[in-house]
Every structure is written in C-alpha cells, then in structure tokens.
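So the structure is just underneath, and the comments pick up after that.
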C-alpha cells in the first residue's frame, strides 16, 4: 500500500491511542467526536481526491526514492512543476472543503528537512540526511499525515529561550541517552494535530549557542508516550453539538488547532533530525516558513467557495443584476486571483537546493503570504455586503422546524419564489461560517498568523529585495556617479 | 417620574407580556433568559449613565414640551448642540458596553416623525403632529424604550409591495375601523425589540399610489395583542449558556435582533402617525435614515474598546514597544477618529426642519455611515494582527479550570510573568468577541447594513453632492464658457 | 482702510522692493512675472471674495481688538464658529482658485503667536503679548498678507541645531543690540513668500537649552534688508511662458514656494515675539501645526474642482451614464467630503486657550491632515481613470492653432458633437494640471508634506489618543481587575 | 543581419522620411529633436541589451521560422518559458530606462496576428497566415521596431463606427483596388510611433456586419505616403529644451505618444492581414489586449527605479534608519513584487493557441493589469512621502549654477555632509520625473489606460472567472441540492 483510501485513513486513526482533552475532559473516541469529526473529514479529502483519476496529476506524484506513485502531500518537490502543482492542489482542496485541510504543514516540514538535513551533513559530516530519507520512505510507503510542529509558547517575547523564567517555554532536550533523547515543552496552534499519524518537531526560530538545547528536530508517532493534546476552541464550535445541520454553515468540513504538550517524551536516535545544531535552526525555520507561505494557496480555494456563495446569495435575493453587486463580485475575484498569482509565481520561480529539493522563490513567497494577510478580509467584507444583514439576524434552524414559528419564517423569509426559503438560509449560514464562524478562524485569523504573522514577512521582504541593484539603476539614470 | 433607574427599567420589562420565541420555543421569562439578558443589560446602561452627574450633560436634556429633564434618547433635537451631544452619547455608550445598546432607533424614529408629521399636516391639513406630540409626551414622561421598526422582509427585490406574490411581504393596513386600523406583516432585523416598551412602525421605502396601503406609521406597546418576536441567532450565542464567563469575551453586555410579526394587530387612531400618505413615505424613510446614519457614532465607542483591548494584548505579550505594533495602534486610532469626525461634522452642520426639529447634514451623515461600512473591518483586522493567533486556538475556560489540563495551560500560556495568565486569555476572548463573536455582529455586519447598506448611502451621496457647482468652478478655471 | 480690494493689494505689492531670484537671475518686476503672476492672482482672490456681500460672513470678521470689520485671514478666532468658518473659507477659496491661495500660513502664525506670547508672559513676566497685539493691530488695520515661516533647512536630520556642521542650517540669533537683534539662516518651502507684505518667523521644532539661540520668533516686512527669495520650480512651470493659455490647465491661478535666506537681518525689539525662550519653542510649533493642519480644508475645495472636471470630462466623452463612471464620481465625492468632515469636526470641537484665542481639537486636526496625505492621491487617480489617456497624449495648443495640424485634431478629437473639441481639451488640461502639473504640487505633494509630513501627524495621534481610558473600558468589559 | 546594434538602429531611423509635427510645426530631423531623442534612446536600449552576453537568454530567442537568433521583441512565443522571459525582459528594460521603451506593442501585435490569421484561414480558407509569416520573416530578418496601432479616436462613445457623424472616427477601408486597399482614419495614443520602422494596424473592438469596413488589419512602413504623426505633449516636456540636465530627472530616456493620421493610405494586398472579417475583429482585439496586459511587466522595472530612488533619497536625508521609512520601502517593494507575481503567473499558466503560438492565461493577465492601474499610484505616493517636500520646492538647476544664488543653495540644501548637494537634488528630480513629470505619464497614466482602461479588465474578469464552478462548490458544502 502506498496510497490509502479515505476509509482506510479513518480506520488508521482509530488505531491510534491519542491523549486528547477538550472542555476540560479527556476524549475517548476522537474520530467520532462531533466537534473534531469535521476536521477529520477535511483531511480525508486529501486521500479521497487522490483516488480520483481526474485529479491524479495534481494530487499524486512519483516518489524520487521508491519510484512508487504517492500522495503529493508526502512528496519531495523535484522540479518547478512539482511546486506549481502543490499550489494547485491547495486551491483544489480549499475549494472542495471550504476550510483548512491541515495536511500542508507535514509536507512543508518534510521538504524543509530534506534540504537542511543534507546541508548539515555537508557542513559537519553528520548523518541526518540518511536518517531523514529512511523516515521519509516510511511516511511515503504508509501514506501518513504528519503534523509539522514549529511554534513554541515563547513566554516573554523579549527574552531568548534560555533566559525565560520557565526554561520549558521553548521545547528542549532535557536528557541524552544511548538510544535517544528526552524532550520537554509544548507546541502551540497545531493545525490538525489529532488527525495526524506523526508529529514532526522543529525549532521555532534562529538560535545562538546558549540556546543549543533548543535546536532540536525530530519525528514521533502522534500517540507516543507523554504527548498530550489540548484542543483549542473556535467561534461557533458548539453548533456542531446541536441537532440539525444548517446552522453549521459547512456541516461536513472544518479545521482544528491544539496545544501539544511534550511531557518528557523519549525520541530514538533514528528519529532525530537535528540535535543541538543551533547554527542550522534558523535555516530550518526559514525553509519551512518559505514553503508554508506558499501553502496559503489553499485560501484561494476557500475564496472560491465564498465568492460562489456570495453570487448565489445575490441570485436568491434577486439582486445579481445590480451593477454594484456585479462590481463587488469582480473585486472579490480580482483579489482572489491576485493571491493565486502569488502562489503560482513563487512556485514558477523556484530553484533547486543543494540536496536537489526544489524550493519556491523566497521573496515572492513572502509577498504572497503578505497579501494573504489582507485580501481575505476584504473578500469577507464584500461577501457580507452582498449577503445582507439577514446573515446575522436569522433565527435558528430549530425555529424553522418548530410548529410555533416555522410558518412565519417560511412566509416572511421567502425571496425569489423559485428558490426554497431554506436554501436561501443555507447559503447565508455558509457565508456566516466563513466570515464569523468556525471557518473564519481559518480563512481570516489563520491567514493572518499562520506561517508567520505579517511583520515576519515584511522583515523577509526587506532582507530579500535587492535594494543595491535598484539604487544602482536609479543613480545611473539621474546621473549620480559615486565611484 | 421622568427618568427611570436601571433597576426600574428592568422591573418595567418584567411587567410586559411579550410573545417571544427562540430555538423553536416560547420564552416565558425574557428578562432572565441567559442569551437575551446581556442585551437587556446594555439597554439598562442608557438609564444608569443618565443618573450619573458627570454624564448629565450628555445623557439628558430638557424636554421642549414639558420643560422636564429627560433621557436624551427620548428628546427631540432643538439645536446643533443637541445633535453633537447625540453623537457623543453614542460614543460614550459604545465604550461603556462594547456592543449595540439598541436605544437609538427609537430616538431616531421619534425625531423623524416630529418632522414628517408636521410636514404632512402643513400640506394636507391633517392632525398627525398633535397626535405625535401627545405620544411623545407619554414616552418622555415614562422614559420608555422604543423600537423603531422600518425594514420589511421585501420578498423579491425587483417587485413593488403590491405586486409581490404574498401581499404581506411589506407591512400593510388590512382593515379600517372607526376606532383604528388593523395591520399585517413583519419587520426584520429589529434591534433590541424585546427590550422595548414600545414599537414604532414606519414604511421601508418611498411609495407610489398603488402602494398606499403600505404607507403607514404608528406606535404600539411592545406586548400588544398579535405581535410576535422570533429571536435571531448570533455567532457564539450559546457560549452564554455555558458555565463560566471568560469565553463570552464580554460577559455582561450584548445586542440582539428579532423578526417581529404583526399578526393582524389593532392600532387605535391616536397612535397612527401616517395613514396611506404614500407621498410622504419617502420623506419619513429619508429622515429616519439620515438620523440613524449619524447614530453610528456608537461604533466609535466600540472601536475604543477594541483599541484598548489590542493595546492591552500587546502589553501582555511584551510586544507593545515594537514599532510596527505602535504603528498599527496609531492606524486603528486614526480610522476610529476619522469616524468620529464624520458623526461630529454632520451634527455640527445640522439645520432646523420646518417643525423646528434639528436634523443633521444629510450628505455628511451618508458619508459618515459609508465610512462605518469600511473602517471597523480594518480596525478589526489590525486587532487580530496584534492579538496573535492564540485568540482562535486557545482552549475553553473549562480546560483552564480542569485538574487534567489546567496546569499545562497555566504553564505554557504564561506571557509577561507579571500578568496573570487568565487576564491574557480574557483580553483575547474580548477581541474574539468583537471580531468573530456576538459583538462582531454589531461591530461589523451591522455596521455594514444597519441604517441602510453601503449602496444606499452611495445613491444619496450621488444625489446630494452639488455637482453643478463643482462643474461651474472647473469650467470657469480652465476657460470653458458655455453661456 | 481695513480691507483692501484686489487691485489695492496688487498695487501694494508693486511698492515692495523684494530681492527675488529665479532661473539664476534677479527678477525686477515680480508682480508681472508670468511664472509668478498666477500665484499673485490666487492671493488676490482672498481680497476679492471678501468684498462680495454673499461671502461676507465667511470671508470677514470683526476684530476683537478694534471692533472693525477685517479680512478673516487677519482675525484671531474668538469662538468655535470662527474656527468652523475658517474651514469653510478654505474650501471656498480652494474651489475658486483650484490651487493654493497661500494666505493661511500667516493667519495660523498670528493665532499661534496670540496663544504662546500670552503663555510666555504668564510664565515669565515678559511682554511679548503686548508687542504681538500691537503688531496684530497693524496687520489688521492694513489688511496685510503675512508669510508664516517655520521650516528650516535642517541639514543632517540626526543632529540638533547647535551640532550641525554649519550652525546656520537652523535660523538663529547671531547678535543682540540695544535696539534689536540680528538673525541668520533660511526658511525653506515658503508658500506665497513673494506675494506677502510681512514675514513671520517661528522656530521649527521643540528645543533644549543648548539650542536657545534658535528659539526665536519675529516679524519683518518682506522687503527688509538682507532677505532674499529664491523661487522653487514646479512641474510644467514654463508652460506659463508659452503663448496660448489652454496648455496651462488653470491659466489664471497657481501657487509658489521659495527658499527665503536671512543674510544677517536686523529685527527691532518691538517685532520680536520670542527670544531664546527655548522652553516655549515646542509649544509654538505645536500650536501653529495644529492650526495649519486644519487649514488643509482648502484641499476639499480643490477636490471640488477636480470632481467637477472629471464629471465634465465624462460628459464630453459621452460616458457619464456608465455605472462604473458614476460610482467613481461617488467615491471621489465620498473621499472629499470625508476630508470636509475632518476640518469641520476639529473646528467644532475646538476650545479656548488661556489667552482667549480659540484653537481646534488637536487630535482631530491631526487625523484630518493624515487623511489629506492620502485621499487627494486617490481622488487624483480616479480623475485620471475617468479622464482617459488623451489627457497625457494630446498635442500642444499650438498644434490645434496650426494650419498644418489643426484640421486633423479638430476632426479626430471630436467627442460628443455638441461640445466644441477645444472645450474637451481644456477640461483635460485642467485635470492634467491638478494631477501632474503645477497644481499637483499643491494638491498632492503639498498635501503630503505641508503642515508636517505624515509621520508627524502619526506621532501626535499616538500622543493625543487617550489609551488609558480605552484600556480601562476594555478591561472592565472582559473582567480584568488589576486594582 | 538579424540583430542590429543600437547605432545601426539609430542610423536606420535616419533613413526614414516621416511626416512628424510638434508644437504646430513639421520636424525635419526627428532623431535629433531634443524632445523626441530620449524616447529614441529608450528604444535603442532594446537593441543594446540584446548585444550583451549576460542578457542573451532574456533579450533574444531563436526564430521558429528561420532558426536564426533574433531579438525577442520580434519573436513568436513557442512555449511558456518564452512567455516568462517576455515578462523578465520587460522588467529588465523598465529598470534600465526608467520609462516606457515602446517596443512591446509591436511584439504583442505580431503574436496576436500569428494566432488570428491562422484561425481565420482555418475557418474561411483564406491565406492571411501565409502572408503574415512572410511579413514576420521580414521583420525578424531586419530586426525592426513595429508600432502596434489599435486605438481609434472613437468620437461619441455611445455610437458604433458606422453611425458616427464622421465615418472616419474609426479607421476604415475607403477603396478596394486590384493591388491593395486604401484606408482612412487615425490611431490615437501611439506609443513610440516615430521611433518605429513599421506600423501594424488592428481594429479597436469587436464589430458587427454593419461595421465590416472597419474590420481591417495591415502593416505598412512607418513612412508610407499619407501617414502623418502629431506628437502628444507630456508634463514637463520642455525641460528637455532647457540647458543643463538635472531638472529633467531622467536626462537620457523617455517615452512619447502620437496621433497617427492615415490620409487615404494605400496598402498592398500582401500586407493586409484582415479584410472585412468582422467576425474576427473581437478575437484579434482580445488576443492583443491579453498579451499587452502582460507587457505591463515593464512597470515593475520602473518601480524598481523609483524604489531605488526613494531609498537613496532617504539615505541622503539621513532618514533611512527611521522605522516608518523602512516600512514604507517594504510596502513599495511588496506592491511592486505583487505586480511581478501577476506577470510571471499569467505567463507560467499560458497555453498554446491552435497556431502553436503560446499565449498567457487571459484571466490572470487581466488581473495583473488591473493591479497595474492601482499599485504604481501608491508606490508613487509613498515615494513622495519619503522624498520630502523639497522635491517640488527646489529651485532650478540654473539657480545652482548662478553666482547670484548658487552659494546659498549649496549652503542651505546640504544634507548628510558626505553627499554632494547636487546628488541630493538629482535623486529628487528623478522622483519628480517619475511621479509628476514626463515619466509619470508612463508610470501612472499609461499604467491606468494602456492596454485598456480599468473597466475593460473588470469586464474580462467577470467573463473569465468560472462562477459556475464556484457556485457548485459553495452549494455542495452547505447542502443545497438543486438537481
């Protein structure tokens, strides 16, 4: 088996023994928990679509290690075309699920490690790259979901790891043994953590020698002894506990984030990909961030859903021919496709790292992500404009179903009489979901902070823009000779 | 009694016998319903602050009818200073509650009626104005909350009222009796409906003769026979049903909207302020809309809260000295104060209507509201930028309280060690509330659609801008003589 | 005489003996110089409109010193109404001239000095206020134009005045005599300098004791011995030297800036309003800047002209009914009126200084000016959108007049046949003038940097926004108790 | 010879006998005219850079017809890589010249004709494609500059060509002869017209049968009998007539536009590529527009110059370390690189037309151009912010050179003392040139209207966005089943 079906994926999750907490209690059946389930459904789409012939080119690839056809999420990019297809895969799945499908972080972690483990070995004669390739073969052969875990809690932002009051506020090595190491700490904001088979840990920033205990990267099964998951809550999360489906907006799919605690967890050496190599921590962070900024191609797909919903709402309201409505939909498409240009361009301008892995153009990837921190908010604002106020004042699904109130709602919420009133409500609930509800967490706030907050990209843009060349050009044109 | 205390207000609500439905069931105790209660608390602040000496100048006025000191929400504006104070009252209460306090619509309805009932009498020799003044005296003397009900369901937007499949999709007169009239229809998006003593109905748009049955305005006690309220639901509304307070963000205050159904309701003649006067329907809509666009001064106060929360979050994160954080806070203040300029300017440029009532400058009121449909979204985006991703990934309050998970959260969500971890969580939940939760309904979506959707203001701007004068100036300067 | 006619003003300028240089040569007849003349014409409008009964209320006031009716440009604001009328006067003149009319800086300098001379006397027992009032009476009685001179050349921005390589890079006292002082230095960007009777010098920033020689303010006749003017050049300035009028866009009116050099100039004591009072330098700068930020009301009037021109161009192109054209004109009006709100609001919220002079609200004045650094650029962009490319590709007026080419241009540049082709050209040249030509200097770049560059306003917004109050409100709402 | 040097290019222009008018007079020596010369210099760079080995890959290609190495401007795109290199060539030349280098229109016309002549032949059995290929071989072998002429004067925008008062307001066939056709009309806004060897005429919009006389495309030598050029004037054009170089900002390079009149001009059949094929007029317009919208890659290169100039101005002012300056430069780079993403993405997503010619993705090309109508204006605004007001108030170069004023300017315009004052002035003049002067015509107004005004792109975005697919996705997610 190199590629699982969605059903096999779900079954594989049931075999895990995760320690998951939510609302202060341990969850015994993670897969069927009504709040978590939609996020599992979304990941399952990464398997389901890979089975469809029409998506094979986008969703799968041929492993450069084994020559087998594998899910693209486990693939190491071999050329620019791979990078471009990664962007297209993101848009495809974003449109199919209308949410975060959670599997990019693992892909991005694998690709970043494929570069940096090679670089470390070249520099220091270590053997991380070989270890990593064995691990990669295992992931590809078993078609696994990997959580890529980077962000530490960080405590006081003004202090480096070793100066924090509590040294565990950054994940670190607390013990070295003959057969491996023991780590302690936590990773925050872990997208899709409890839907993953594996968790790949990376440091969260560049480090100096004094912080070398924190310069550690490794992979573990997600249910390794000592790993605990505490689920984050989302806007409108408990609607998933209600009867009925309409008020959820997107009843099938969603995302999740969790705090992952490492309570003195053992890692065998063959799973350690960086050990106190503080000089390479920054490079690993940067490679991962660059890849992950490209991954925000997915928001273009979610934007497609929101644009489609807004167009539909306009039609149900009988307003789709108004020139201002048409113009707003053009603007939404314009912004969404400008984002698409970003993720396609940084891929098309990619280049090979020394290991042979292809990586996107870092300047354009940062530019792309910076736009992702802006445009979805404007697309959402325009969607709310088109939807109308009913989106936030309509009663609950239970009111539509009730003999006491249903008849009034059916009567007074009729729009174009050819459209069932409930369909009008459904599309408005989807827009609510994407702009205020569970999916807004992914489409808006995660677009802001995922893969680095806006300022992180601005710092990289300042660093990567070739100002010397631009100044040379300007001075030459106006006749300044400083030689 | 001309001014009630907050406690008297609450007691007065308990005496009402409203027919309210939510989640498909009738609510027997409206005042204490946990989902509705915060909205009642917000209205109560309009009473509480009027009792405080330091706010007397802003919160109260002297009735031009009775000479008694009254709550400004029941006052008819007598000069520009009244108009300016109305804007300041909005900001004050927005800041005090962090939400919609629901009492402006009644104030705006009263003022609009004070103009148009006078105008109708002047034109047609009717006696609406006298009726209205008696009603106004009653409202002022008893310090009542009035719901101003304008928006009809509207059905198919391309058809006028009398051509709709269902003639009830706009509220209308269905019977004329010696002692009054009977009306049927509904009003949507009714802010604060179930916290009101009175409901003042107005038509929703300009009308032609064929629609004269729809040109009707009147006032009724909110618990009049045949009036039914179906509560709208909001993002995160059911958090108010959970134990604990933190996850609500703003545990005390909120807003609400309802669909109000008029199931053949009788209105006595002395409460009828417009009866089939289709020629004046447009004027009443325009006057109310103009006043109500000014009323979006309140969002400046809510913006104050969000800015204060963002500053606090930055401090708790130890990031308040970063130049990009400071610059974002400046931008938030800049946008918020630009809104303030709008509501102050349209008031300062107000003028007297023939009845003597002062009304704000209509062009500037529309310009102000148009900015309200934009800037709060950007302020919210910047607040999410400053808050960081934890705002949407932090676990539930129950996780903090649980012996299973509390210690991990306490350990790993510590920021600046001088700040209790829970305080850091509280401020993030408030930002979530204002940008994604119950208060986002008011701060964002209602800012978009309340008092007319953006396009409504644009139409008015086109109509009110004096283009002829501008063209004259331009042609004169470049030497075009067309005389 | 307390108010001159435009003709008397022109005659008064001819009596001055200014030392003016342009294009490397001394100008002997300043008033009739074709490049300078339009700027004189613009100032003359401040006299001409003050003579018209319909503008008396806006353009004139009654002196609080003499009780005589005076031009408002020489008036000290006595109440909020005066402040509001100042804003309206700015818009009126901006619309009448389509450019900078140059007389605000003097008005703002007089008002700022009326506050700070009083404050200094109160603090230190000096007699600056009395001197100033005598000077003010002279200005009012003779209806003079005063240049308000603040900005020093500044040299290296990182060094204070006394540490500059050349101590003259900030204007300073170089000698004290029994009858007065001698000053040396320069003032840059002096708007309307050579159209002024008087020049009022102020320091350019807050100062410490080491810089006390630079803390000096005084007034001089503009043709005092040792004052030299070097004219700045503007985009398209030499079109004013060409035959024909059309290509100038706005053939009658314009603005100018000059570098003013003080080559050891003597100032008698009765004209000295601040002498080495370094502790008050910052206050004077701040008061002047606050007033002057309000003065950018004028750009609303210039915006009126540009909007009128764009509407006319659309009509001449036969495109005025296209929905996107109408929408762009709405947006231009919306932005322009948002600016108007700013200058009206900061005036309406003004307050009295200890001297009795009224001053605008400083926070809102800064917010207003900040918007002025943005919106005119967008209004200009939209005007170029509506105008079409012909604005920058049309041939010269000489081509239209030439027998060789005129017939082709007349034939091929016809639009709507009811409009003379030349009128279509004239309106496009006006738009060019305002967005790329001489008037763009005032409408765009001066909007950016006049009365302080954008960052100066942002620093003031940060300082003036009451963050503590906002944080109190936020903490109270989410249950943070830090007492 | 398949590739000329810059010198050979200039010599070839001298051999032309063009009928050019400017300022109402015929120009006898076009190449050396001081106003036109800089535009010739800019075109010459397209030859000069093609000679440099380091640019060979970008600037040249191998002809698919002859196998010879040719200038890329005469190449027909054979694959996506060609399309990407076209974008890079545009940026390279924009940065090298700081202006419009005028040679894209011909390249875009050739590529569009290579598609549509083939399509017409396939549909109708004509032989346009063969004619075209012979013409193309001639252009490639002789390395010619072609002007691509599309935009007709259009007269009254509400009327089709054949209903205009003057039927010549769109270019049309007035006579058919055995050996060719005679055409009459004009083309407006012709970029680089008088620097071209050839002029390729295309219709300006889709046409119906009644307008078939207007559906004509052909090529002529630029000095064919009856073709007249009337030069457009630009902001600050006559600074090129002044002594000195500094005030021109960019003394070497510029652009130009002209009105080209066809006064009954004969075209032999072998040069006719479309003859009354009204059904294909729209396709030719669309193909050309699509290619040409990509061509606005050049503005990224001009943006590079402006960013470099702003950075340099900040350094000369000693302000480059201020955080707000750094942030503005980041924003300028961000916007500029977002544009780059657009032109790279539409190229990377290109596809082959039936003729084998590769064409860019039309949706993304329109999205790219739409951003070009916005971002350069904001980049220019930020550049003016950083430059400071001196950019528009500094005296003329003659003042710096004059013994009367030079010493004062040298003294008072010194900034960082390590920088010659004149260099500071030069960089400010370059910024003036790009934001208000001759180059602003290209960087701003031409960015707005070239290759179609903004609304033209919006119409295409509406047409090309796949709304049905987006609506399907949205409906599926929220449970709407309309089958």
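First chain written, first letter: the chains are A, B, C and D, and each begins at residue 1.
Definition applied: a residue touches a chain if its C-beta (ideal position, glycine included) is under 8 Å from a C-beta of that chain, and two chains touch if they have at least 3 such contacts.
As the structure is a prediction and not an experimental result, all values here were calculated from the model.
Q: Smallest number of touch links from chain B to reach chain D?
A: 1
Q: A-D versus A-C: which interface comes out with more C-beta contact pairs?
A: If we tally the C-beta pairs in contact for A-D and A-C, the bigger total goes to A-D.
Q: Between chain A and chain B, what distance separates the C-alpha centroids? Give it in angstrom.
A: 38
Q: Taking the mean of the C-alpha atoms as each chain's centre, how many Å separate chain A from chain D?
A: 40
Q: Could you put a whole-Å number on the gap between the CA centroids of chain A and chain C?
A: The computed centroid separation for chain A versus chain C comes out at 52 Å.
Q: What are the residues of chain B that contact at least two other chains?
A: 324, 327, 458
Q: In the complex, go through chain B and note every residue touching chain D.
A: For this pair, the touching residues of chain B are 323-324, 327.
Q: Which part of chain C faces chain D closely enough to touch in the complex?
A: 21-26, 153, 155-158, 165-166, 168-169, 186, 188-189, 228, 230-236, 238-239, 242, 247, 257-259, 261, 317-319, 322, 324, 373-374, 377-378, 381, 384-385, 388-396, 398-399, 401-402, 404-405, 408-409, 411-417, 432, 436-437, 440-441, 444-446, 448-450, 453-455, 458
Q: Residue numbers of chain A touching chain D in their complex, please.
A: Spelled out, the residues of chain A in touch with chain D are 84, 95-98, 245-246, 249-253, 304-309, 311-312, 326-327, 329-330, 333-334, 337-338, 340-342, 344-349, 363-364, 367-368, 370-371, 423, 426-427, 429-430, 458, 461-462, 465, 467, 469-475, 477-480, 482.
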